[in-house]
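Take a look at the structure set out below.
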Amino acid sequence: MARVVVDVMLKPEILDPQGQAVQRALPRLGFEGISDVRQGKRFELEVDGPVDEAALARIHDLAESFLANTVIEDFVVKVEEPAEVAEAAK
Amino acid sequence: MARVVVDVMLKPEILDPQGQAVQRALPRLGFEGISDVRQGKRFELEVDGPVDEAALARIHDLAESFLANTVIEDFVVKVEEPAEVAEAAK
Amino acid sequence: MTARIGVVTFPGSLDDRDTRRAIRIAGAEPVALWHKDKDLKQVDAVVLCGGFSYGDYLRAGAIARFSPVMEPLIEQAKAGLPVLGICNGFQILTEAHLLPGGMLGNDHLHFICRDQKLRVENAETAWTGDYRQGQEISIPLKNMDGRYVADARTVDALEAEGRVVFRYLDVNPNGSLNDIAGITNEAGNVVGLMPHPEHAVEPLIGTGRTDGLPFFTSILKKLVNA
Amino acid sequence: MSRTPLDTVEHAAATPDVELPWAELGLKKDEYERVVEILGRRPTGAELAMYSVMWSEHCSYKSSKVHLRQFGEKAPESDALLVGIGENAGVVDVGQGYAVTFKVESHNHPSYVEPYQGAATGVGGIVRDIIAMGARPVAVVDPLRFGAADHPDTKRVLPGVVAGIGGYGNCLGLPNIGGEVVFDACYQGNPLVNAGAIGVMRHEDIHLAKASGAGNKVILYGARTGGDGIGGASILASETFDDAKPSKRPAVQVGDPFQEKLLIECTLEAFAEKLVVGIQDLGAAGLSCATSELASNGSGGMRVTLDDVPLRDSTLSPEEILMSESQERMCAVVEPAKVDRFLEICEKWDVIATVIGEVTDGDRLEIFWHGGKIVDVDPRTVAHDGPVYERPYARPDWQDALQADDANKLPRPASAAELKAQVLKLVGSPNQASKKWITSQYDHFVQGNTVLAQPEDSGMIRVDEESGLGVAIATDGNGRYAKLDPYTGAQLALAEAYRNVATTGAKPLAVSDCLNFGSPEDPAVMWQFAEAVRGLADGCLQLGTPVTGGNVSLYNQTGEAAIHPTPVVAVLGVIDDVARRTPVAFQEEGQLLYLLGDTREEFGGSAWSQVVHDHLGGLPPAVDLERERLLAEILISASRDGMIDSAHDLSDGGLVQAVVESALLGGKGARLVVPDGLDAFTFLFSESAGRAVVAVPRSEELRFTDMCGARGLPATRVGVVDGAAVEVQGEFALTLDELRETHENTIPALLA
């Protein structure tokens, strides 16, 4: 079983009040030096069977037609490397 | 300027109604072979200056105290490699 | 002779009974439609009502849009069947691309429930014939994801073609572009709006005004006179 | 994973010396010994799990039971009561064949830990109680209390709680029609998140939580069972029986309002087709509670196969499954011939439903796991025979000093300018300020039957579209009054809620309550509790409004510091025709303002003493329940006969607060005249109970004053609806704009 991740973010030209709310709060929390924050969604899909070209193509379709609304959102499909997770979490 | 990403996901033992709703919809859309879906948040932070150990540590604190609700969520901090983005998006 | 107006119930629909009541008060015959049936029961028009279909999980309206009932609905709407989407129904219509643009979370990030003033910008759609052009009305607004967005070209086209049907007055309650509260498709048979006309059809109840009733009398007249 | 051996009943009998972690599960030694005595052997792990959770304070009311009995013993005669205390919620006859069920519950601690989810699941829980009675939920209310308004933690807790209540209730399609928001430093570490719900049904649809009829099936439906809220059971599972346990169990429960909405619809559809013999929601103590209560309230026993429970987490042990508090689950008892249809309805609504057992003709509750019998108990001993404590209680030694610190002696405004400044300060203080920023996050309109919602004195819902029959509900509580005198404080809460219902024109019928107190192990707190219950029970007897149910929340304290004793009272009323309801807002210029009731120098616990002097001392206002009853009769008659166009009850903040609210809501000012015998200060700020201000059309003045005179209710003309300011003749005037600015900006400035 493998994990495929779909990241969905608002298109850059669309106002992201959630991201802005986070950014506005940063100085209050004592964080400087972050010039922009955007908030999006992350989907983790557990895929049965091999994640080959065909499987990825299908997930791409799924993201395009369902997980993202491409009128307002962009998306990225990635296969999650187990190592990467461990690395990042440390 | 560099981009740091914070992925926030519900802890595995916590009910994820959103992910479940997505998963239950998949067969209706003709997608089989996805055994689990979890939905979380993705924050993209544009950081001024170098993303060194110190900066990452500060973002880790930010994630822990603000971006994630650690009572119910786990988070991962990653520096986004420009190459990786391009690769995945293709 | 009266008209038969369908109201679709999705899992998580909330205002289906209220909408059927409003249709009844207007003098038409409400017909309950079920999301799992690929069947519109030969109704003369359809209302997609408010609520949180599928909990509004993923995106408001995104999962409902793939329900079996949407297949005939999309097909017949394109062929001219009058369809009104209220709140969640509006969201479903944009997700189904029957109306352009999309709906996002309110810019203040809170659910908002208020008595909202609107201006009727287009009194010629299937659902607004009983209003006067430019008329100001007040009906309840209540939602989490009411911010209408679209790319600049789409918004320009909507404005140029008179397809903005309602505009917020006094306050823009959610950050919608151009204060847009409701829009229509090119043919004028499909209308979507965020505020809830079905909650403004009886004196005493809700805000106590009946500013929403003309939606339902408009469509009735149009169908009966057709 | 091998558990060797499974702790079955036989195994327990054969291994009497095995030590069980009863202390870690919260049982006292004598309680554990009592379990052993009941069973005649040591309990199995699963049995211990059930007893420990069902005998907890939360489920067994062991500290409060001896006092709560008064609600039954002193219950007034009432034809309206159809189902009383003891069921999931009480049921009241409101006429025309309709019955109404309502109840208030607390979700205090979870809401402090995780404000959004804690408050959300609080709404979910109370709504399931209402569905379990057979009713369609029609509205919710949310009495809330937080720490100081300007404390940083309030900014964490309040927005989350409000978003959670809205997020859940809005998604269920339940209009929120009332509640309270109170700030006081005493709630800093212990916010009070109480939630109430009302449901409507026909008399013949009332359902009870009981399992009868041998052979009938027990169906669990709704969400899958996960490891929610099972801290204790996990200890049991890991330490005693199985060390290969995953340690990860959720600390917080996440609600799924969408799932609950489906539960409402499929339950009501099953009721409508008469498929259900008995029903129980799963709340605290989950399956332990549902199975033992269903079985003990029915005629027979019950056999349950735990392996059939659909799980979200396959690693759960049987003890954990029994104790899990996963949300959005219900348990129904259904005749075998109707099971298929019941399952069909669940499937229609995409709700998972599973037969997990059946009613037997014995009198035991037997539960099986992997073929072994792990529970064999008399269900009554689990559900009803829990321990009962006679906790010591004593009037605290500081009570006299507190009462002697008389608020009536505080310095009063010395000039008209000072009086005006204090009015402005009061109206803009967090407790008196408009709560619109909060309540606009709640849907008031859904279901299309809302006649009145906040900020009216009570919420009102139309029940019948043809006749206009409606119900009203108000919730009130004043911890400051109750701290000064818990007996009187509880009666004042009752009196205020009763008055609020009557002010809108509805006749008060019945009471639910949520009693929020500190630790019962502190004799001073226990005294407060005992006094409050006594006061409420006596008050309900006198007013003829029975207590139909409620909730007790104890241990609301941080270290030694308990919250103010806070009995919150909900009163339910009925109105024959909602067209006759009386709103708060001034309707027409020129109408005459009458003050009903007596105004005395009563400032103990008042908003004025808090806002101006940060003071709490003296005695709370006196209660006269006969007067409350008379006032209510006048308000109801006046509404029915069209003698008044608006009315507002007087409570915290006194007359000036009420007049300002009516003026702002109606967009019309008032000119007030200080009546003979009163000074301006007392006239404006006193909090004497049993009062209301009404606006009388000139054409009705004689009829109205005659009625008050004939029935002996003091009615004093104090002014007229007029202009764009609130003016007190000879003292000061404040424009509506000025008042609105302070009244409406306070809360957003603190929280937005």
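A, B, C and D are the chain letters, set down in written order, and residue numbers restart from 1 in every chain.
The rule is short, and it goes like this: a residue touches a chain if its C-beta (ideal position, glycine included) is under 8 Å from a C-beta of that chain, and two chains touch if they have at least 3 such contacts.
For clarity, every value in this text was computed on a predicted model and none was experimentally measured.
A.B. asks: If we look at subunit A and subunit B, which chains touch each of them?
C.D. replies: Chains that touch both subunit A and subunit B, as defined above, are C.
A.B. asks: Considering B-D alongside B-C, which chain pair is linked by more C-beta pairs in contact?
C.D. replies: B-D
A.B. asks: I'd like the Å distance between the centres of subunit B and subunit D, where a centre is the mean of that chain's Cα atoms.
C.D. replies: Whole-Å distance between the two chain centres: 38.
A.B. asks: Averaging only over C-alpha atoms, locate the centres of subunit B and subunit C and give their separation in whole Å.
C.D. replies: So the centre of subunit B lies 34 Å away from the centre of subunit C.
A.B. asks: Could you please state the distance in Å, as a whole number, between where the Cα atoms of subunit A are centred and where those of subunit C are centred?
C.D. replies: Result: the chain centres lie 31 Å from each other.
A.B. asks: Touching two or more other chains, which residues of subunit D qualify?
C.D. replies: 256, 258-259, 350
A.B. asks: Enumerate the residues of subunit A that touch no fewer than two other chains.
C.D. replies: Within subunit A, the residues that touch at least two other chains are 66-67.
A.B. asks: What are the residue numbers in subunit C that touch two or more other chains?
C.D. replies: Where subunit C meets two or more other chains at a single residue, that happens at 54-55, 57-58, 66.
A.B. asks: What's the contact topology between the chains, one of line, ring, star, complete, other?
C.D. replies: Here the contact pattern is something else, fitting no line, ring, star or complete shape.
A.B. asks: Which pairs of chains touch each other?
C.D. replies: Every pair of chains meeting the touch criterion: A-B, A-C, B-C, B-D, C-D.
A.B. asks: Of all residues in subunit D, which touch subunit B in the complex?
C.D. replies: 113-114, 117, 223, 226-228, 248-256, 258-259, 312-313, 326-327, 350
A.B. asks: In the complex of these two chains, what residues of subunit C are touching subunit B?
C.D. replies: Answer in residue numbers: 54-55, 57-58, 63, 66-67.
A.B. asks: If you look only at subunit B, which of its residues touch subunit C in the complex?
C.D. replies: It is residues 17-18, 21-22, 25, 28-29, 39 of subunit B that touch subunit C.
A.B. asks: Name, in rising order, each residue of subunit A that touches subunit B in their complex.
C.D. replies: 1, 7-9, 19, 22, 25-26, 29, 31, 33-49, 55, 58, 62, 65-67, 76-78, 84-85, 88-89
A.B. asks: Spell out the part of subunit D that touches subunit C in their complex, as residue ranges.
C.D. replies: Subunit D reaches subunit C through residues 163, 166-167, 170-173, 256-259, 261-262, 348-350, 439-451, 462, 465, 578-579, 581.
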